[in-house]
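Can you keep this structure in mind? I'll have questions shortly.
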Amino acid sequence: MPDSGTIRLSQLATRIEQVLEDAFSTMQFWVIADVTNHTHKVNSNYHYFELVEKVPGSDKLIAKFSAKAWGSGANELALFEKRTGQKFTNNIQVLIRVRVQYHATYSIQLDVTGIDTNFTLGVIEQQRQITLERLCRENAKHIQKRGEEYWTRNKSLQLPLVIQRIAVVCAKDSAGWQDFHHTMENNTYGYRFELSPYFTGVQGEANADAMRKRMLDIFNAPVKYDLVVIIRGGGAQTDFLIFDHYAVGQVIARFPIPVMTGIGHQKNITIADLMAHTSVKTPTKAAESIIDHNRRFQELLLTVQQNIIMKVQQGLVVRNGQLDKLRAQVTNDAHRLISLNKDSLYEIQQRIIGQGRAIPFQHRIGISNLAASLLSQPKIILAAKRKDLEHNADNIRYYQAAFLKNRREYLNYYISYVKNVSPESTLKRGFAMVIYNGKIISDPDLLNTGDKFSVIMRDKELLTTLQNKKDYNGS
Amino acid sequence: MEADITYEQAYAELKQIEADIQREAVSVDLLAIKIKRASDLIAICQAKLQKTENEVNNIISQMEKRPSNS
Amino acid sequence: MEADITYEQAYAELKQIEADIQREAVSVDLLAIKIKRASDLIAICQAKLQKTENEVNNIISQMEKRPSNS
Amino acid sequence: MEADITYEQAYAELKQIEADIQREAVSVDLLAIKIKRASDLIAICQAKLQKTENEVNNIISQMEKRPSNS
Amino acid sequence: MEADITYEQAYAELKQIEADIQREAVSVDLLAIKIKRASDLIAICQAKLQKTENEVNNIISQMEKRPSNS
Amino acid sequence: MEADITYEQAYAELKQIEADIQREAVSVDLLAIKIKRASDLIAICQAKLQKTENEVNNIISQMEKRPSNS
Amino acid sequence: MEADITYEQAYAELKQIEADIQREAVSVDLLAIKIKRASDLIAICQAKLQKTENEVNNIISQMEKRPSNS
């Protein structure tokens, strides 16, 4: 190694400066580093700090540089704070653009020319997701992820119809508290509220446990609060990390009184917002929202009042109408009833008149028919009787003639009979009679030979004597 | 003629004589007498018949003189 | 004429006489009397018929004098 | 005329007489009497009818004078 | 007129008379009496109807004097 | 007027009377009485309605005097 | 005014009255009473809205004496 001889320290510094300038003057570097020993001179707007790299999981340093941000660099940091809601302070990891500068008295310094907002946002978001997952995991009964939304016990609480007793978690003397208090007290509707402030620090993760403790104070207070409001706001709003803190998220999610957040975060939604019953942007909005809530109740009252009034007036009109209608109906029906009865009476009268005239008339016709029938009948009867009589007379005439004729015929029979059986007829047929001693005899034994007797034949008497007698056998 | 014998008596006797002769209950010596009696009875009957007929005709002719249908 | 014989009785007797004559149940001796009786009965009946007819006619003519349908 | 016979009784008797005569259940001896009775009954009925008719007409004319449907 | 007969009773009796007359169940002897009764009943009913009508009209006119919808 | 009948009772009775008259279940004898009753009931109901209306109006005007939106 | 009725109770009662009136379940007789009650309930609610109980303020002032952020 060549010896350059003895030189003044400043000469060395100049030579180093020369080398560094040759090597780095045109270059800028994006480096990932942690911030420590940060101071911010507000008047000059100078940031002084150190950028370090540690062994992961320990505090052992691997690299360390002094750093500063002036002018445009300081402006970049202010913009960063504004965009991320993250204060540029110790113990944050940043992706930062630096120039390497050398100064004889300050040695090597990194001059900030820019800072990557997105890198820090990513880191914050990553942390946030881890916290949310842990909340869900460790409080499964009270916190659940449902789709992209988070359900919490607090969200499931019902707001009372009217909110009057409010516990307010905020920083003492903060602009947020003043805004909230002012808006509440001077509401245009004259609503009165009981505001119970519970002061606590609302920035810096270190205050998370204190805030949690204040919440427990609220829970244990003898007053039954309608709502807990967590607010911060006014002034420079840079550090919201407390509202992404696990302890704060957990106590909000599980709190038995509805929680409203109004923490003035313009960009992101914090875990506290996600866990709370309601979240609004600012303390003033929180106050307005509460006033609106009460206002809605009052409007409900007014609506009910209007409905009742309207319906009652309607009902009275309807009832009056019903009465009028009933009166008209009763009137009409009464008239109709009377008219019906009149008609009915008239019809009955007409029928009675008609029938009253018809009945005697019909009887007249009946009697007239009877009379005609009666008067014609005797002549017919008498004529028939006459005919009978004539018939009888004719019969008698006929029968007596027959009678007499029959009698004559019977007599004629006897006349001819007598003629036939008389002795004269017999003699004429050739028979003869024997008369002996003056008497007609029929016994031949009475006569003996020599006896004298007469025989009568027809109209002659023959005197004879018996000469002989012998038997006669008819042949 | 017997004045007081009726037609029916006369006719009955006639019938009896006929019956007697029919069953030859009459001797020849009486026959002539019976026949004579029958002849008389017939005459009586005829007379009575004639008389009745005359009377009846009179009555009928009177009936017919009366107008039955005036 | 018999005063108190009715038309019906007279007519019945007449029918009896008619029947008797028809079945020759009348003796010749009484025939004239029966016929006479029949003749009388017919006369009685005819008279009664006539009388009834006259009366009925009277009644009818009286009725017809009264106006039945005024 | 009988004072206390009703129209219905008179009419019933009249119908009976008519029926009797119709089926010739009336003897000739009584025919005139029955006809006389019928004639009287007809007169009674007609008189009663007339009376009823007059009364009814009076009542009806009074009814009709009253305005029933005013 | 009967003081204490109701319209309904009078009307029922009237309907009965009408029905009796209609089916000729009324004897001629009673016809005039029945018609008279009917006439009286009609008069009673009409009078009662008139009275009711007047009363009803009075009540109604009083009702209408009261304004229902003031 | 009955002191202790309610509007609802009065109205129900009124409807009953109307229904009875409508289906002609009211006798003429009672019609005037029923109509009178109906008239009274209507008056009762109207009075009650009027009273209620006045009360309601009072309450409403008091309600409206209270500024609900100050 | 009832001291211890809550908004919830008052509002529920009010909605009930509104519903009853809406479906005309309130008799005319009770209408004014119901309306009065509704009016009272509304007044109670409004008064409560505009009034706070100061007892709480006492508690707060006591709390503030104790240092809350130690």
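Labels A, B, C, D, E, F and G are assigned to the chains in the order they are written; within every chain, residues are numbered from 1.
Everything below uses one rule, namely that a contact is a pair of C-beta atoms (placed from the backbone, for glycine too) under 8 Å apart; a residue touches a chain by one contact, two chains touch by 3 or more.
Remember, it's a predicted structure, so these values are computed and weren't measured experimentally.
For the pair chain F and chain G, the fraction of shared interface numbers is less than half, so the two copies use mostly different residues to meet. Comparing the CA-atom centres of all chains against that of chain G, the greatest distance is found for B. Top-ranked chain pair, ordered by C-beta pairs in contact, is A-G. With centres set at the average Cα position, the gap from chain A to chain D is 81 Å. Between the Cα centres of chain B and chain D there is a gap of 67 Å. Centre-to-centre, using mean CA coordinates, chain A is 56 Å away from chain E. Our note on geometry: chain B versus chain F, Cα centroid distance of 129 Å, whole angstroms. Of all residues in chain E, those that touch two or more other chains are 7, 11, 28, 31, 35, 42, 45-46, 49, 52, 56, 60, 63, 68.
In chain A, the residues that reach two or more other chains under the touch definition are 189-190, 298, 301, 305, 312, 319-320, 323, 327, 334, 338, 341-342, 345, 349, 356, 360, 363-364, 367, 371, 375, 378, 382, 385-386, 389, 393, 400, 404, 407. Applying the touch criterion to all chain pairs gives A-B, A-C, A-D, A-E, A-F, A-G, B-C, C-D, D-E, E-F, F-G. Contacts from chain B toward chain C in the complex involve residues 6-8, 48-49, 52, 55-56, 59-60, 62-63, 66, 68, 70.
Here chain F touches chain E in the complex through residues 27-29, 31-32, 35-36, 39, 42-43, 46, 50, going by the rule given at the top.
Chain contact summary for the complex, chain G toward chain A: residues 7-8, 11, 14-15, 17-18, 21-22, 24, 28, 31, 35, 38-39, 42, 45-46, 48-53, 56-57, 59-60, 63, 68-69. The part of chain A that touches chain D in the complex is made up of residues 342-343, 345-346, 349, 353, 356-357, 360-361, 363-364, 366-367, 370-371, 373-375, 377-378, 381-382, 385. On the side of chain A, the complex with chain G involves touching residues 160-162, 164-165, 172, 189-194, 196-201, 210, 214, 217, 221-223, 294, 297-298, 300-301, 304-305, 307-308, 311-312, 315, 319.
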